[in-house]
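Shared between the two complexes below is subunit A, which has subunit B as its partner in the first and subunit C in the second.
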Partner chain A sequence: MKSRSGYAYIAPLSLWMGLLLLAPIGIILSYSFLKRGLYGGVSNQITLEAYQQLWSPLYAKVFLNTLLLSGIATVIMILMAIPTAYFMARSKRKTLWLFLIIIPFWTNFLIRIYAWIAILGNNGIVNQCLLRVGWIDQPLRLLYNPLSVILVLVYTYLPFAILPLFSTIEKFDFSLLEAARDLGATRFQAFYKVLIPAIKSGIFSALLFCFIPAFGQYAVPALVGDSRSYMMGNIIARELTITRNWPLSAAISTLLTLATLFALMVFVIQGSRPARVKPIE
Partner chain B sequence: MSPQKRGLFTWTMVLVTLAFFYLPLLLLTFFSFNHSKSMVWEGASFRWYAALFLHSPDLWASFGKSIMIALSASLVATLIGSLGAIGLYWYAFKSKRVITVLTLLPLLLPEIIMGVSFLIFFSKIGLPLGLFSIFIAHTTFCIPYVFLIMTARLDEFDYSVIEAAYDLGAQEWVVLTNVILPICRPAIMASLLMSATLSLEDFVITFFVAGPGSTTLPLYIYSMIRFGVSPVINALSVVLIVGTAIIAVLTSRLFKYVIQK
Partner chain C sequence: MKGCSVTIKGVNKSFGSTPILKNIDLEIKKGEFFSMLGPSGCGKTTLLRCIAGFEPLSQGAIFLNDRDVTTLPPNERPVNTVFQNYALFPHLSVFDNVAFSLRIKKIKTSLIEDKVRHYLELVKLSDHLYKMPNQLSGGQRQRVAIARALINEPEVLLLDEPLSALDAKLRHQLLVDLDALHDEVGITFIYVTHDQQEALGVSDRIAVMNQGEILQVGTAFEIYDKPVNAFVAEFIGETNLFNGLVESVSGTNLMVNTKQLGIIPVNGAIPVRTSSQVTVSLRPEKVKLFHQRPVDSKGPVYEGIVEEIVYAGYQSRIYVQVEGAIIKVQQPHIVGAGSDHFSWKEPVYITWDPTSCCLVEVIST
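And then the complex of A and B:
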């Protein structure tokens, strides 16, 4: 349908997103190619200095660390989410289960992080109990390490894996599993060779919803991590607010964005490719 | 669909997942009624709730600011996002794909990138950081959710209703207000709800675009939990969890639109 007033509908949207989304992203990209200003900020001199600084073992280590922490957390989330979503999809009380998953999903993000500080922190429940019983003389360092970052990442983003998997598995024809069993497949074979290929698109959207926020994480490592578990997000914030090296911060941001878009592309392409039917040996 | 079709393994995994989700929240609830300041049980008491409700003026001031931003950002985002979705859905534009991708971009970008680019942008154009800059940032990241929810609703219903209205001689304005908007009402409600929730919830982007005197509730909570365990936060957590549950019950019929994202 053609309409002249059609433009009136999309003008506010295009203007808002163009001016307040595209422009800031453009500025951050351009800042990564500028020279660092004397007192913070930037000076108008084009240089690749920020990217040269980025090309060092220190930042390579942070990049790999980020990839490792978010990768491990994502794999754990998917492994926990598939059986849970499968259970929910086959349940008669789908709404109830959905509700039970949505409550923690909607509970304030920081409160969900705080719950683990209250449990594992130096003054947390576990340490206080152990001290009281006399098993330890001083608090154990259960938080502020890479493992606690992974734990809290899984805790905060697990619903992001369960919900897309649930909506995919719900559409799955469960009689196919019975057919596979009748044809001699074991329970595990039926699961692995029939269900998993059929819900591939759901697995990839779950990967997407978990990996992207975990990879660009700032708050979780800032609250329950230490210097060993610093992720790219923390370095971006540090360069921006403490060191005040804006070009470097902009360059890391550009790298993080490119890495995210790359992961996105891979997941989307893999997820939309039709699953190949594998014969059962 | 008998339970035995879901083997022991799935049952175990579901129970583990639910325990994993709820044990920490239950522990917080339990210790919020603790008389002691530490995490050692010393008898029941409501003193931390009293401290939360009666003696935490800064916390409530930050809550007020969060509400103000959530209301304004969700209204503006819903208005802009819905109009855009209707426009792109019903009218043919050459730049349709470009605008769609641009609108959905915030869903793909890591939050910290949005926060950092807003901060640098606001400093470049000389906009002081404060409630207004937070409002702009929140509206921007809410628009894509509104857009998705509205598009899902528009996909759902019969296009011929609109054509019928035109055939019967309705003007464009009448079609919008008497046909399209009533049909989209549940999606508009879901958009408002989703945007307000996202805005109230946001920490990372707000962290970068807030200035002195514009501490929202998540920023306030952040500054509290950085200093470790506090019984007042336990009580606040319980209030927030219960509030979330109540809102979820009241709005459960809108879930359909919220989950589809």
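And then the complex of A and C:
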């Protein structure tokens, strides 16, 4: 009786996860092993063709490119988020800052990307200002390059880095920084040797929340990127809608999911590892 | 000022428009066990933090061994602090916590190992080298904090209410240990506390503070026996305070007319004139309690009624209603002597030696 009521509690969640998470993943996985249909779709014939096609320098290059762009963006986000979260945690107006961080979520994500086009485009605010001042003769090409993709990725996911870091730093005992200063550490040493290890779990959550969605991004490179900033998400979309090679598109998705899962496991293991007991150097 | 371990000159500190420290002047000698005692909010911790370098001064200067450190950051001052909440680094073992300052200084690993072992032995923690702070008891954490501060060989060790989070029994033991440690390392200790028992027990000298000011600096004996004002008299130990007018003066023997007790003899160490308004103090342990009217008393004798008895094992605190006042009396329990037992609402007689009642403050002349 007891154990059955337990199952009843998790039934809604199981149903939800089963229908909306496991089933789609299963479909993608099975499509990746099927033969390509003539006009899109799949035919009922098991083959490894899609994975053979995947094994090409082009996809390897895009994969590495995706890794690089989302990796750089994630590092920038963390580096920006730690001081921001630290400031917020020590501020007396925590609620105000949290509110300001959350405001962008009120606007649709795509509209916010278009806003960047309005800011950085040839007729955008930045170029208009620089032209008026006379520092440049013709508009700078600020959009449609890897840097603009990184910029917009950072903009998009920065709140996801700030929020977990804020909640960890808020619990941090700031007298530990004083203790470190008292024991001869400079301001930087105190941060590096005491604050950073203490907020490690927050840093790992921030990494997870930023890197994984950035890695699977599709809209940002499609709207503000060029061929050099092509990411795996764009390849999937192209194979699905233009080339209409569904098995290949499914195979890439599978690869991406596996890569993400791998990254997730690394982060989780790292993040939950207990503090080192052996002397640090 | 020469030869002083810590010299504090005209220090003022305000947070916004609220003054926390008002014109503090203080000289602490080398090797002294110096306590700063006062109620919470009196500024004692702020003064300690000023010495450590955590709080910039609004005005004034601080010298350590005749060197002006007023503008130095905490990491460049030759002082170390034992924090009230210990502030041990939770991600580091006991060993690494203690080794922290040596690693910052980039001292050779083999030397670090030796020194850490030595200092952990000093605080009797050699068995817990590789434990994490959350595996230690409060008293052990306290001792790690002390070892961590001492290993840096500071000129002055600052202790910010280090025992306040521990239970009474442990507190006594650690206080004795701390005193022994002070004798062993021989450096200046500045000890901040609100507990007068702690301060009286171990300090060479004590500064009593209230509302951002130092009221009195002296040995435990001086502060207890010759308090400079009513606040010090009442804060250090317990006392009965009476206000009154000086009736007559002959040397140090005064007669004071108090509202509560009438005219009583008072021992006046401070020069005072007739008809000055004064406060006098009578320590509860100096009042004697009798069942029958004492015949041979040199001091004044009053008849009263026991209003309340607070039993504390080795003694009782008895409140006696006498004329217009309630007098606190400390009555020791002597084994086998039945005469020290008093009961509620019992009529009693109190008296004291004429020199026991002291002048503590002249309010107006």
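We take it that the second predicted complex is superposed on the first by the 248 of 281 C-alpha atoms of A that agree within 3 Å, B and C clash if a C-alpha of one lies under 4 Å from a C-alpha of the other, contacts with A are read in each partner's own complex, and residues count from 1 in each chain.
Rule of thumb we're sticking to: a contact is a pair of C-beta atoms (placed from the backbone, for glycine too) under 8 Å apart; a residue touches a chain by one contact, two chains touch by 3 or more.
Being a predicted model, the structure only gives us computed values, none of them experimental.
Enquirer: After superposition on the shared chain, which partner residues are touched by A:264: those of subunit B (first), subunit C (second), both, or neither?
Expert: first
Enquirer: Please name the chain, subunit B or subunit C, that touches the greater number of residues in subunit A.
Expert: More residues of subunit A are touched by B.
Enquirer: After superposition on the shared chain, which partner residues are touched by A:198: those of subunit B (first), subunit C (second), both, or neither?
Expert: second
Enquirer: Just subunit B (first), just subunit C (second), both, or neither: which does A:175 touch?
Expert: second
Enquirer: In the overlaid three-chain picture, which partner chain does A:184 touch, first (subunit B) or second (subunit C), both, or neither?
Expert: second
Enquirer: Quick check on my understanding: which residues of subunit A belong to both its subunit B contact set and its subunit C contact set?
Expert: Residues common to the subunit A contacts of subunit C and of subunit B do not exist here, since the sets are disjoint.
Enquirer: Flag every residue of subunit A that touches subunit B in the complex, lowest number first.
Expert: Residue positions touching the partner: 1-3, 5-10, 12-14, 16-18, 20-25, 27-28, 31, 41, 80-81, 83-84, 86-88, 90, 92, 95, 98-104, 106-119, 121-125, 128-129, 132, 155, 158, 162-163, 167, 174, 187, 212-213, 215-219, 223, 233, 236-237, 240, 246, 249-250, 253, 256-257, 260-261, 264.
Enquirer: Where on subunit A is subunit C touching in the complex?
Expert: Within the complex, subunit A contacts subunit C at residues 173, 175-176, 178-186, 189, 193-194, 197-198, 200, 275-277, 279-281.
Enquirer: Going by the contact rule at the top, pick out the subunit B residues touching subunit A in the complex.
Expert: 1, 5-7, 9-11, 13-14, 16-18, 20-22, 24-25, 27-28, 31, 38-40, 79-81, 83-84, 86-88, 90-93, 95, 99, 102-103, 105-106, 108-113, 116-121, 123-124, 136, 139-140, 143, 147, 172, 197, 201, 203-204, 207-208, 218, 221-222, 225-226, 228-229, 233-234, 236-237, 240-241, 244-245, 247-248, 252, 255, 259-260
Enquirer: Help me check something: in the complex, which residues belonging to subunit C touch subunit A?
Expert: 52-54, 73-75, 79-81, 83, 85, 87-93, 95-96, 99-101, 103-105, 109, 130, 132, 148-149, 152
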